[in-house]
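Take a look at the structures listed below.
Next, two complexes with chain A in common: one pairs it with chain B, the other with chain C.
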Partner chain A sequence: MTEVIATNETILVVGGGISGMTAALEAAETGKQVVLLEKRPYLGGRVSQLYKYFPKLCFPTCGLEINQRRAKMNPALRILTLAEVTSVEGEPGNYRVGVHISPRYVKENCTACGDCERAVSSEFDDEFNYGLSKRKGAYLPHRMAHPLRYVLDPRIIGSEDAEKAKAACKYDAIDLDDSGEDLTLNVGAVIWATGWQPYDANRIQPYGYDRIANVITSVEFERMADPSGPTGGRLIRPSDGKEARNVAFIQCAGSRDHNHLLHCSRICCMATLKQTTYVADAWGDDADISVYYIDIRAIDRFEDFYAKVRETTRARFIKSKVAKIEENKANGNPVLHGVDTEGYHRYANEHDLVVLAIGMQPSVPSDQFPVKLALNEEGFIEPAPENGAIFAAGVASDALDVNRAVQHATGAALKAVQVVNRVAGQEA
Partner chain B sequence: MADDKKFGGYICTGCGIGERLDTDQLEQIALREGKMNLCRQHPMLCSAEGVQMIQDDIDNEGVNHVMIAACSRRAKVEAFNFPRVALSRANLREGVIWSRPDTEENRETTQEKADDYVRMGCAEVRFMEIPEPSGEQELNKHILVVGGGVTGMQAALEVAEAGYNATIVEKAAQLGGHMAQVYRRVPTRSPYVDPQDTQVADLVSRVMSNERITVYTNARVAQSSGAPGRFSVEIARESGETLNGSFGAIIQASGFKPYDANNLPEFAYGKTPDVVTNLELERLAREADGGPIKRPSDGKEVQAVAFVQCAGQRSDKEGHLPYCSGFCCTTSIKQAMYFKQQNPGCDTTVLFTDLRTPGAPGEDFYRAAQRKEVTFSKGEVSEVVSADGELRVKFKDLILNEDTEMTCDLVVLATGQVPNTGPDPYAAPLEAEDEEEEGGETAGEEATPQVSVSVESILNLDYRQGTDLPHLRHGFVDSHFICFPYETRRTGIYAAGPCRRPMDSAQARDDAAGAAMKAIQATVHAAWGQAVHPRAGDLSFPRFRKEGCTQCKRCTVECPFGAINEDEERYPQFNEARCRRCGTCMGACPVRVISFANYSIDTVGQQIKAVDVPDEYSEKPRILVLACENDAYPALDMAAMAGEEISPWSRVVPVRCLGSVSLSWITDSLNSGYDGVVLMGCRKDDDYQCHFVRGSAMAHERLSKVGDTLQQLNLETERVAVYEVAITDTKRAPQLINDMAKTVDEIGMSPFKF
Partner chain C sequence: MSELNQQMIEQYRTRFLQEVEANVEEGEWVKMCMQCGVCSGSCPLGKHWAHPPQEIFMMIRAGKREEVLTSDSMWMCTSCYNCIVRCPRGLPITHIMHGLATYAKRLGLAPKNQPTAKFAQLFWDNLVKKGRVNELKLGLSLYFMNGFGEGIKVAMKQQAIGLGMLRTKRMNPMEVVGGHAVKDLDGFHKMIRKAQELEDARIKQNAG
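Moving on to the complex of A and B:
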């Protein structure tokens, strides 16, 4: 049984991505007791799957290392992975939160030596790489994973592989009978930092993501660019492994669209500008980059980055909502059809690879919140007094970039601190 | 060594360490050479029993200095957490067995590497002291907020809500700032359809009635000094009165200045009163208060209005702002609605190149305007001409790709925000440096005089390194970190609102809450005697031996955080709570008088000394690697996890920041027979990744002169290499070490072996 000490002076943070980690750490470093829940087996969320950040083109793992060190060093912070909220009851200063913890089958005494991984043979799509590669049935999600602890895929439980993994572990860290558990936590305030998921590209039918191998999403492209990712950092086409030099980016793929997401996902313009540098870095003068866009939203100082990218990558910017994509069956090239609205030219442009700048959708669908919160039409949590002491942080509140999400999460930490300070004051 | 130190060495034999290494030999080394009072092995040191074994020695044997030879210091941190104990970690797993091939011919060199890591771990812990909280500050629950606009008021309310006190210093006669002039704001709750009350009056009354908040209007910060937990601030009022206060932390919410539209004669601003800025339109809307908005020239009711987006913005023209101010698109949409609400027949046209309405609120609001029949036209405005009682707006229609024009009664220029910040302590001298990037930036600032700083200081800090917060770009004081937006180079002083980056009032209010969080945290940490981010919890702080100090001032100049002042005799004055514990001062000190309790010239120097350097004929060179603990060291760990081989000759020492590297470590190592030295810090240029901002840059600068030292020693300059290494360099970082091994192989062993 997992022992978690939580009182009405405890802050519960739901979601261990960059926003949740930030909120949890800021509160814990101010001396508050914090419990951080994360659905995945490790912290870091979507940020851990990014190769570089805009506009500095620095590496998210650099900040993640600092945040993880902060987490390791802080005794006021308790982290529960594979954990999800099932219910929330109560009022500000006194919530009872139901938490379900899914089995990991690996105990805390795992040393991450890797013997279990070597022992098993079954393989599954690696979700860390959005299925672009395989991982073993006993695996470390990624090399910087925190907690640095292996996971058994539930699909191997009951199989021979599970027994092999257990037998390989010298430290008796594998518990095949782990059935997960349900906890109830008493907390004073809740920070809701459940973040986002990429919009389902299959639903944008005219773009043929499900039919055309060389149409991929921006999150997949990010993994492909990462030297520790599934292609070792090589920009290649899924259909034939051919180098992708002529790359098109389609903006607002699923965003700003009545048929899909109503909102602007904010990050996609900047993410594409960043990704054009991957193509330019890979191929130099041979890079041929096109960006199909409605508006380039490079807000405030990001404008500098937009100007720099225009200059250095020599990307073509085509103001156009692409109407449809077809495949040239002879060579596997996607062919983009549409009208360049600047001058009204029709085009049928062929590219090696097409990257859909996919929209951000709240991770938790509006009808699946375990607690009633004021949400807007798009499913983001509103800054509403009726939400009591449940405060949104980061992308749970709106489509935000990392910098703004962290800024927002820092503020959310204070809102929660205010509540538990009030509780402490009343009890004193 | 003090008598009260008792040393315990603990060697883990798990994770293959026991199979690959002779751990009995390691134990003997720890006892005999490492001078551990006791040494124990355990098959799984991180297990509950292993940890208990150590804890028992702490409780029963009086062990207070612990050397753990097991996995990397980045692993099992929570397990090996012994409060009030000095701890060193010898990295036998990632650092030795995982990065060396498991073959018979490598067995000897692998064991030697492990032997050295144990020697180094023992040497380090022997010279470590246990840092004590200084008790220098008590908890000061009073936060100063400079600026009484929306950001400042919100910050004060957030501080008060957390049970702290706030004092607002506002230079104007009233609270409210620019937002007080605004008629309605962009909605912040769904449905995002109509402009809403600004809530400024409500904010003002909440501030004025809050017993935790003190407000001084017509006031400014005349002087400030001290450190988090004990900022001493002199507030001067227009009446001549001065007040003194003590504050735990400071929030700078000095806002923005409206862009001076007189720089836009092409848009007829100043030539006709019917061309107004977005802020001036708010005044017209207030005057109309729901009735028809009239144009200033003759009071005619406006029937057609054009909004010129990006007026004087996103442009490299002289006198323009190069950046986007972010708030103007939704502001113009809101203002177009003012006209539509009162007169749906009014022609409202927004001329834009990129319409920037991000997120759900932005895009919904944009759509609401489209439903209200606001016209959005992608066009670039070249000129506004006033003639015959109307305005002609000439623009290039980017959709039709043709030059065209429209007529209207009123033109609104969507002008931007210019940060209201004090002088940049690190502003480049007027003569531009020849570096391209710096030259570019200087040129940009020269071309845009209104972007450059006001000469007037906001904070009047008495710091050695200037009166105000350093700038990032374009006069904004934002930090350069994406993952740590409230990172500040003046500890305990946090910027919020449009002085930090351009923003609207909703974002400014969120930002105020974030800055209030950091301000409260800074004052709490000061009371605990602990560092703030990124070494939160660190109790160590720089101490210096005054008798050895030569008053050279390098530490006061090089500190990236302006933490060190100088006294009358020009000795350094360390301000504990301002210090971030990076050790750049220690690295800067040529006479080695600066140190930390648990990180000092000795804790590293003795590790270097402890390594066994075989003689010249052994063909076993030694390569010292000093690696930044945040980026290069994890990169090496992860390289080992991936099975990358790292030269058996290398001995890696993690450092807090490359800026903390003392040149003495390099010269001592070369003098004692090391064959090569590799230094790994973080990227240091404009897009720096050094978490201590300038630490890596300072180190590179200092080390650029190390070649002279080598020549004096008659050594090849290739023996020392300095690199910028990122945490993702899991292939490159080992390669750089292996390259040095190759270099040594080519140029030969050091002649300085004993």
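Moving on to the complex of A and C:
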């Protein structure tokens, strides 16, 4: 049974990405009791799946590590993974929140030795690598996972593999009878930091993501560039494993389009500029980079980054939204068709690999919130008074980069602290 | 050049975008175009035109009045609707193209001997007469649009389709002598006249 002490002076944070971790730590470090719920088996959210951060081109892992250390040191912070909110009732200062915890089948005494993983044979798409590789039915979600604890895929439960995993564990850390749990928490304020998901590229029909192997998304490209990722950091084509030197990026894939997402996803211009450096770093003078864009949105301090990248990667910028992609059947090259706005030239350009700068949309669909919240047209949470003491943090509120998401999360923590302080004041 | 054209030039001077917004059907959408190029890239015929839709919209904003209104580009549009389906901003591109063509014609600037323009005129004349399109007559006049000899050649090629249509009663050979009309032909003509009056009044008002 999970022991969670929660009162109406407790702050609940939903979503353990960079925004949720920040909000939870900021609140806990003021001395408040905080419970952090994360749906995945580990913390960190989408940034743990990025290779480098713009604009400094440093590694996200270092920021995540600092947060994980802060979390470990703070007794006021309770973290629950594989946890989701099922219901929210009540009012500011007094909410009752239903929480469902899915079974992990692995107890806290797991040492991450990996014996169970070696013992099982079943394989599944690795969600951490967006399906670009496979992982075992007993697995560590990723190298740096926090908590550093294995997971059994529920699909192997009841199979021979489950028994094999259990038998392999020297520490008796595997509990095949784990059936999860349902809890009710009493909290004073809620911070909603459930983040984003990539827009479904299959819905952009003319780009053939579902038909053309060498058309991938920007989130997949991040995994490909990572030395600990599915290709060992080599930029290669999914169709034939050939080196991808001539790489095209298509901006606004699914964003700023009334057939898809209406909003500008705000980070994808910067993400592409960053990713052109991956190509340039990999191939040097042999890199051949094209960026197809409507306009490059590198706002305020990012303008310098844009200028620097243009110079160092020698990427070609083509002002045109690509109309359609076809495949050259002979060599698997995607062929991009469109009209260039500068001169109105019609083009049919071949590349080794095409990366769709895919849009960001809220991870929780508008109709699937366990509580009624004021949302904008795109499904992001509004800072509206009718949301009571439920505050959005990070990308749950709007498409933001990490820096802005973290600032926003700090603001959300402050609002939540004010609510529970009010409660404490009334009770004193 | 028509008198109306002169009046419009004086009225709007360099403000061609405003002229389009006020006088062209769906013209108020032109300023919403973000020049992404998807319409041009998706247009199956675009490569045969002088100016694809995206460029036409830019030319309107750049005040290239003469070039736009005398262009044959908008007459080339086949109403396939590819562009409308794809435009990220939801511009009714096809309708704007037709609106521009209509406006150009009204001002007497439409290119002479443009096949689509001729077809459109034949279609219209045919429609207005009886309130419905007489396929046989329209078909015949189309065949002979390019002269009699050419018409016979085309007609021979199309014979199979025409005979098929006769057999399945989709086309009545007697229509060539009169052709049946809509029930209330008088009412229909009144309606067309009224629509024309309203349209004329609007344009006249804009012409100052």
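Criterion: the second predicted complex is superposed on the first by the 428 of 428 C-alpha atoms of A that agree within 3 Å, B and C clash if a C-alpha of one lies under 4 Å from a C-alpha of the other, contacts with A are read in each partner's own complex, and residues count from 1 in each chain.
We take it that contacts are C-beta pairs under 8 Å (C-beta built on N, C-alpha and C of every residue); 3 or more make two chains touch, one makes a residue touch a chain.
Because the structure is predicted, anything quoted here is derived from the model rather than measured.
Within the superposed three-chain arrangement, the count of touched residues of chain A is higher for B, of the candidates chain B and chain C. After overlaying the two complexes on the shared chain, residue contacts for A:D257 are found with chain C alone; chain B is out of touch. Once the two complexes are laid over each other on the shared chain, residue contacts for A:P60 go to chain B alone; chain C is not touched.
In the superposed model, A:P206 lies in contact with chain C only, and not with chain B. Of the two partner chains placed by superposition, only chain B is touched by A:F380; chain C is not. Using the contact criterion defined above for the overlaid structures, shared-chain residue A:H337 touches chain C, although it does not reach chain B.
In the superposition on chain A, contact of A:S320 is made with chain C only, not with chain B. Touching of chain A by both chain B and chain C, each in its own complex, is seen for residues 256, 319, 341, 344. Chain A contributes residues 18, 26, 29-31, 47, 51, 53, 56-67, 69-70, 72-75, 109, 111-113, 143-144, 148, 170-171, 226-228, 256, 262-264, 266, 295-304, 307, 319, 341-344, 374, 376-378, 380, 382-384, 398-400, 402-404, 406-408, 410-415, 417-418, 421-422, 425 to its touches with chain B in the complex. Chain A contributes residues 206, 252, 256-260, 294, 319-324, 337-341, 344, 346 to its touches with chain C in the complex. Of all residues in chain C, those touching chain A in their complex are 34-38, 40-42, 46-47, 51-52, 54-55, 85-90. If you check the complex, the residues on chain B that touch chain A are 14-16, 44, 46-48, 71, 74-78, 81, 158, 161-163, 188-192, 314, 322-326, 352, 354-364, 367, 378, 398-401, 472-474, 476, 478, 480-486, 501-503, 507, 510-514, 516-518, 520-521, 524-525, 532-534, 536-537, 630-631, 634, 638, 641-642, 682-683, 687, 689, 691, 726-728, 730-731.
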